[in-house]
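Residue numbering begins at 1 within each chain, and the chains themselves are lettered A, B, C and D in the order written.
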Amino acid sequence: MAERLSLGNNGVALLANALATGGTLFVLITIFGPLSGAHFNPAVSLAFAMRRELTWRMAGAYVVAQLLGAVLGVYAAHAMFAQPIWQVSAKLRDGPSQAFSEFVATFGLIATIFGTLRFRQAATPATVSLYIVAAYWFTASTSFANPAVTFARALSNTFAGIAPPSAPAFIAAQIVGCVAAVISMSWLLRSADSD
Amino acid sequence: MAERLSLGNNGVALLANALATGGTLFVLITIFGPLSGAHFNPAVSLAFAMRRELTWRMAGAYVVAQLLGAVLGVYAAHAMFAQPIWQVSAKLRDGPSQAFSEFVATFGLIATIFGTLRFRQAATPATVSLYIVAAYWFTASTSFANPAVTFARALSNTFAGIAPPSAPAFIAAQIVGCVAAVISMSWLLRSADSD
Amino acid sequence: MAERLSLGNNGVALLANALATGGTLFVLITIFGPLSGAHFNPAVSLAFAMRRELTWRMAGAYVVAQLLGAVLGVYAAHAMFAQPIWQVSAKLRDGPSQAFSEFVATFGLIATIFGTLRFRQAATPATVSLYIVAAYWFTASTSFANPAVTFARALSNTFAGIAPPSAPAFIAAQIVGCVAAVISMSWLLRSADSD
Amino acid sequence: MAERLSLGNNGVALLANALATGGTLFVLITIFGPLSGAHFNPAVSLAFAMRRELTWRMAGAYVVAQLLGAVLGVYAAHAMFAQPIWQVSAKLRDGPSQAFSEFVATFGLIATIFGTLRFRQAATPATVSLYIVAAYWFTASTSFANPAVTFARALSNTFAGIAPPSAPAFIAAQIVGCVAAVISMSWLLRSADSD
């Protein structure tokens, strides 16, 4: 919708996309947090599994559900905008600066989640959604920060898509960013405890 | 106002409309929630009646008040913008993708309301208003999601209007989305209880 | 700033102005609410005086401070943007639709304040600031809703100004809107008590 | 990102920058507030040292960390956007109106922090981030309000940069604004106590 209406002004389209994503995340985390933890993101489930707050088996089941949900969401969007359901993105997003962006974006997301859970658990819907709105702009990749979303957006040939050959580097950078954040935040929050 | 000022950039107009709608909803739900439940929407009253949290007789009275309020609101907007009070929209919004958009929008709204009430009642003004801001963008229909609003906007020949021949499909899709959400959320929240 | 940067797109300028006003109001009400009540607005002080929650003598002193603060604020803005301090607006804002807009805007503001104070006092900074952001867009006058602001903006020949001959009708409409809101909300909240 | 996408509409770029800055600040203050106080700003550490809530020695260590963090942040942004890491800004920001803007911006920031801490400590992430979003627009300098940020942005030749010859006046104005705010707020909050 954003893309069609703001012809020639992708800034407005991105602004609308960022707000829609942030608003939706706030709602979903508020509602599904008490039900399932509201991960929606394989990087988040990986982080909880690394910290042994989720079994690896459960994390695997979460990832399957996340991939299914992401693809169904893309298909629903195609249906709402009267586009063919089946698409493959042709939008290349290559190069080290794109991968570094996804590393930073995912590092920040995981750090936001564990940082907020530590002292201000009730603020999680606000911090995660505001982080994602901000990361749209402070990264060069519009901050996918989610392997399931990366996979699903390879199936959408719109300005939000990512060509399949570009996806593996995105997913690798996201996983590295996630692991780096789990290690950094474990150290930071442990040193806070010992003060 | 948005439309007149952002000539040639409907994206900015929609952004302003979305923020104005969301901000107003937050205020109205905060104030009228404790007074009347702050429905403003026949789909919401239908959902509460289906769950037997509102008598059908009371739901009927709510719908009459909702229709009256929506039409008076449209008339007040016409008066503020120095337009003729009586108008009929000529803006066709037809086709299955529009109806599917309204199904999704209303399903999400009702799910948001019952999901939030279940665990985070105090967050209802925030989640409902952010949901509506987001749904402006992730649907193709700008998310009416309200039969009374659909009826009243048929009486406004502006970019927010809907031609009377397009209205019945919108309202039908909203009712189906509402019923589907009541059934889904009842199942989801019941299975959460039995965990 | 908004006006200079968004040449040819007043929609973006208004959006930025609305957000800046809303954000500032949230901050000021949060900080000055516990100190002085955070009125900043003769219509608000009038409403509290009518409800006998403020002496008329104190309300008069508040109005003097509000007028002084508003004019100093306009002068500071002129200094920050390297404009002549002393200006008189040439921007006419006449006609019944403008006055009706100010009636609606001020009615809604006062209703928002007393409605929030009644059941959700802690939400006042949020509801008042979101109301003002929204009213920028749903009125035709960009919602001054404040006699002191109207007076001060007569002294600024920018797109936010108002020509002195247009100001009296704005102020009269604001006062009528304020009185109507005090009467309506007293009735509404009293009938809520007797339920 | 904002700059590249919104060619010819710097208003949208600034809007995106303001939202990204505000969102990030909310997240960082929420997470690091309980860990370190979440200063990120030599003016803030100076204010706490003046009020003897931080030793001067600790304030010095904070400033070193703030300068390092700001420069590393600029370098990371350059890397994400595939630009040369080492840059020097050529963007002059001179004149008394720019310095007065930075005085006002920093005065307001420090007043916001101490005003919120006094009565509504939990609202600090919200008030500080909303203040910064608003000050982007109500100042002529886009509100740097932070000596470390001023220093680091001298090392970025983008639209957010500041040429080294313009930086000293910015930093001086920020320090004067900080000192004036500490004095004013101490008086204001003390007179509130004695009421």
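Definition applied: a contact is a pair of C-beta atoms (placed from the backbone, for glycine too) under 8 Å apart; a residue touches a chain by one contact, two chains touch by 3 or more.
What you see is a predicted model; the values in this text were computed from it and never measured.
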item	value
Other chains in touch with both subunit A and subunit D	none
Relative to subunit A, chain with the most remote C-alpha centre	C
Chain copies touching (subunit A, subunit B) - same or different residues, decided at half shared	different
Approximate Å spacing (C-alpha centroids) for the pair subunit B, subunit C	28
Subunit B and subunit D: spacing of chain centres that average the CA atoms, whole Å	40
Multi-chain contact sites of subunit C, meaning residues that touch two or more partners	9, 12, 15, 22
Chain pairs that touch, as defined at the top of this document	A-B, A-D, B-C, C-D
In the complex, subunit D residues that touch subunit C	9-12, 14-15, 18, 22, 95-97, 100-101, 104, 111-112, 115-116, 118-120, 123, 126-127, 130-131, 133-142, 188, 192
Subunit A contact footprint on subunit D (complex, rising order)	1-2, 5-6, 9, 12-13, 15-17, 19-24, 26-27, 30-35, 76-77, 79-82, 125
